[in-house]
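Here the chain labels run A, B and C in written order, and each chain numbers its own residues starting at 1.
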Amino acid sequence: MKRKPFSIAILGSLLLGCAFALSGCNKGPAITVWVGGESAKFYQQAANKFFKDHPEYKYRAVVKGVDTGTVAGTITTDASAAADIYTVAHDNIAKLVDAEAAYPIENQGLIDQVVADNPQGFKDVIYATPKGETEKKLYGVPYISQSLFLYYNKKFVSDEQAKTFEGLQQAAKAADNKAFTIVGDDGYNFSFTMLARKESDKSSTLKLYPNGERHDNWLQGDDEIAFVRWANEMFADPNGGEWPPANWITEVQNGKVCALIGGAWHFNSFAASCDDFGIAKIPTFTLTADHVQGLTGVSAGDVYRGGTFADCKVFMMNMYCAEEKREAAQELMKYLSSKEVQKESFLEVNNVPAFAGVDSWIAEAKDQMTEYQYMLGVAQTSMSAYGIAQPFVKSLYNTYFYSKNGPQKYVNLIKLSKAECTLDAIREALFRIEYTWGWGEDVPEGKLPATLPASTAERIEA
Amino acid sequence: MSSSIAAPNKKKKYRSQKAAMRTSKIVSYILLVILSAIWIMPILWIVLQSFREEFRASGAYVGTVTTSFFPTHFGVKAYADLFTSDFNGLEYAFPRWIANTLLVSVCCCIISTFLVLSVAYCMSKLRFKLRKAFMNISMIIGLFPGFMSMIAIYFLLKSIGLTQNLFGLILAYSAGAGLGFQVSKGFFDVIPTSLVESAKLDGCTNFKIFWKIILPLSKPIIIYTALMSFTGPWMDFIFAQVILGNANPELWTVSVGLYNMIFGPQADLNLFTRFAAGCVIVAIPIVSLFMFMQKYYVEGVTAGAVKG
Amino acid sequence: MAEAVAKKEKKPNPVGRFFKNIGLAIKNFFVNLGVGIKDRFVDFGKRFVDGSIGTKMSHFVLGAGNFYHHQWIKGFLYLALEVLFILFMVLCPEVNGTPYGWRSLGPEGIGLKGHDGTATKPGSDPVLMLLFGLVTIIAIIAFILLWLSSIKSSYKADLDVREGRKPTTFKQDLAALFDNKFHVLMLTPTCIAAVAFTILPTIFMISLAFTSYNQVDMNALGTKQFTWVGFENFGAVFTGVGSLGTEIKARFFPVLGWTFIWAVLATFTCYFGGILLALLINKKGIKLKKVWRTIFILTIAIPQFISLLTMRNLLDVNGPLNKILMDMHIINKEINFLGLGSDYKGGEFIPKLMIIIINMWIGIPYTMLMTSGILMNIPADLYEAATVDGASKTKMFFKITLPYVIFVTTPYLISSFIGNINSFNTIFLLTGGGPTITDGLTTYKAGGTDLLVTWLYKLTISEQMYNAGAVIGIFTFLITATITLITYRNSKAYKEEDTFQ
């Protein structure tokens, strides 16, 4: 008696489950595309439109929202489990090419479009040399640009205060909270100190793989030392920078920080966590006598602006994309990365376009955007002018992901107490980081030179 | 007990004893209330959070964890969103996850229960050459941490094309089930062997003994085994994610989905109330199943573990 | 001097006896194995010499003997399986490459070249080489067993004929499967499934411990290849020499130590807490026992990932618990209970303490549920006798209740100790193994509260340092296996396994 409804329920749920499971296996061959979760719907529509307009390609598009970290992780473990076209930040390109997970772009139309549309900074970082070959090939098709900028809570910070770190600090003092926070303690998020530039002429002594040259780095300039001192002091201050918290959203929500240095991908969360906010360039800071003590290349009163890596997200084609699909896949990539679709994606889902001259387009199309969108676009494109695209030399040499503990060392330096943060300690640590960039490992034990080199050339000889 | 033994001439002592008993009873009640409050508080909190419906001045919905224990405004938006909105572009994600989990858990339940009972019966009531060896091997294998072989199972399933696939997950969940026969064996051990022997004298085959005599006597352990294997897929969030892949939310089971809503690279902290709603929905059937079958659960566990 | 004294006293101590027993067990194992192998060979020779022409043929063509005895279906099945095996060995490309590939785990793989010299297909995969190598070995073993079984079946038919019986028909064989060979029928599915999805993966992971399969190192070198390295990885844990480097040595022992401390504390807090709670609820005169019990049992019934994640959010720096404590002026600054986030500087003590407390929240009801029944089963006459003797309540508790409960639940105590060594959920969901240890070593990602098993997860799944993970897994196995062996072999359940019924 009792059993009947029970077994019917089980049978019913089983059938339901089967129906759902099978509904996934739709008919017809598909080209799968992975994009960021927030823009999956947009690109699904765009891809559908493409295949409707091009009936000669008998495929349908399946677009899924997958974040870049997951993409890179999945592909290095098991590229066959990944989509035909996937999207990653450009600095993953070398790693994926080395892991035999990416297929070079061969479609001449697409290559021409990439070359014509993109700024030189991006064109420098989307080529890679496949294993066993000598010639560079195009792997990445840029479609979104990314950089850091500042979100600030207008409840605490005025627009004027948001222009300088000193202003932020002042606002934090008044509200008895922290001036700003960052999202993570890796090399990318700390690029705002390392990549800072002089406000007057946008100059910096930093050299990071110039022209793809592996050993030609320079991190020991006097300004870099002053930046470390500044950041060290900033993060020690009770109303200064807050070390990346476990959950920055609730920190913003509860009014514990005034501002966040983040990217466009934090837009929705930030908007949901405070009532009225502004978006601006990363603020400037002024060096004090303490910061420049014992240094010659900088002087007190110099104004610097926090810098950023200016990256692009790229479409890439999977090595496991079946041979017969490749033509259609590349045509699809060509369409999805075209200027028109990039512009639309900004208006619909806040993806800041990658093409050259995007700043002038944002100024032109202001009336099509919301107020916040416009602020976002302006802040990011003007930060891009201060930024450099994260450079890499093969998969091994990269500031961010794969150099062994380079970013970690920089973070540890900023974490030091004031007493530990001596000129010699900073110099040595910066030398070690620089060595890691060039050689992929820390300075071997006992190999630390007695006097640190004063220039790149000197160090290479050493 | 003491009251019945107390002699009448010890009335004074009896009275003071009674007073002492009353205070001890009051203390016990207070203690129980405090402890219950501690135990209930987190559960109450997550239920309250699922019914929170607060908005910012700007009109944005507040879905994150907030500092207040009680919501200022109640509503069912979190539930409505859970069933209608998408996750990372996947439409109707939550109903899908529920359906996937149902499929997996029903299949696992059937296969695992069959495997476990058949092995346990053989180990308990039959005697054959490699019996002891089988028991030892299964015990040794069981001592390896499960996470160790997880990635190997992934490679294995991949080589037969069953990763990113629910059937691969069913296979992975239920294939090893037969080695977890100890609890059921403990139960079968308690069934008198004389029963089996007399049936044998009557000319019953081993199959008949199993089917007609042992199984009808084993309702508690069948229910326990089935319950355990049914609820397993609702709780596991690691293995399923490895087999199904981080990138395939349409295949996830409900626990993988809920976990990824607020943790990991695809998390969105503004989904916390939705996560809470999902937790409540998942917990209700699991908890009621458990409460309903509590008796069998205790019998199952004690059959395996409590043995002098 | 002291040594001499110690040598004189030849009292057998339990540890010594344990190792002596292990020694004896190993000796017996090999002696038995030797005798077994010898017997098998003798049997094998006897069958070949003594058997009919069909049996002799069966040594070369499986099922020949069965055909000879007109057991057509059986013979055909054997033959079909042999053909299948040969086809598998010949046609499966991964298997073809095995004998060479397994030795070095494959040559450097540069993908197959297309028309313009670009790689169009990925290169050979050493993971598959290793995996299929194992599959092939298992297939060969299975075939040898099949081969022997074919010979035996034919020889049995020979004997039947010789003794004037008819060889068994297929129908009879099938019927036997439901009677005196019932165990074969019942165990076959489990054996196949377990070999494929439990034993094979375990052996695979064990073999990874002897290779250089470490995705971090391989990424750094820009290669997809790895090879055998012998015991180097195990050595690195103790000496720091080897490709795993000194960091694994620096991390292993703290993690091991904490795993033990955690297991002991977690087991005993929950165990005694549970007994006390059960006593409290079962106390005479307490009404609504069922309601109280249900309230506590809720935490067991709710899936752990839900209750633990709830706890994690409840205890968040910006969560409600901190707010309540602040409002009550118990604390004046938020406490980061679980040490989450890279801004945490409070050391490992608070997170560790919190984990143990939260684990009590989860574990105490479990013991309560277990012991409730046992408490009710304590023979009442024990208490009655004690009351007559004028024993106090406390005395009764320590002299009767506790010893009885401990006596009955010792196996549960041991299994929960082992369970706690492998307690993944609690740590992973609450702290994720954090807080990060800030000593400059970062490669192995073991945090302040990581147990061996959560570390193992990080190493194999998140970091893809498979060889390091496998080494840690093997150590975890050795620890749990030792504990189990010592306790289980001494337990009544094992010694009297047959007399128990």
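Please note the rule applied: a contact is a pair of C-beta atoms (placed from the backbone, for glycine too) under 8 Å apart; a residue touches a chain by one contact, two chains touch by 3 or more.
Quantities reported herein were computed from a predicted structural model and do not represent experimental measurements.
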Which category does the touching pattern between chains fall into here: line, ring, star, complete, or other?
complete
Ranking A-B and A-C by C-beta pairs in contact puts on top A-B
CA centre of chain B versus CA centre of chain C: separation in Å?
19
Using CA atom averages as chain centres, what separation in Å is found between chain A and chain C?
41
Give the residues of chain A that touch two or more other chains, as numbers and ranges in rising order.
247, 250, 253-254
Can you pull out the residues of chain C that are in contact with at least two other chains?
316, 318-319
Where chain B touches two or more other chains simultaneously, the residues are 65-67
For the chain A and chain C complex, residues of the former touching the latter:
76-77, 79, 95, 98-101, 103-104, 130-133, 137, 184-185, 242-247, 250-251, 253-254, 256, 319-320, 323, 394-396, 402, 404-405, 408, 412, 415, 440
In the complex with chain B, residue positions of chain C that touch it
94, 127-128, 131-132, 175, 178-180, 182-183, 185-187, 189-190, 193-194, 196-202, 204-205, 208, 277, 280-281, 283-286, 292, 294-307, 309-311, 313-314, 316, 318-320, 322-324, 361, 365, 369-370, 373-374, 380, 383-384, 387-388, 407-412, 415, 418, 422, 424, 428, 452-453, 456-457, 460-461, 466, 469-470, 473, 476-477, 480-481, 484, 492-493, 500-501
Please give the residue numbers of chain B that touch chain A in the complex, ascending.
56-58, 60-67, 86-90, 95-96, 99-104, 106-107, 154, 158, 163-164, 166, 245-251, 265-266, 268-270
Inside the complex, what are the residues of chain C that reach chain A?
109-111, 117-123, 215, 219-222, 224, 316-319, 336, 340-344, 438, 440, 442-443, 464
Where on chain A is chain B touching in the complex?
10, 13-14, 16-21, 24, 34, 37-41, 44, 63-67, 69-71, 73-74, 78, 80-83, 247, 249-250, 253-254, 268-269, 271-276
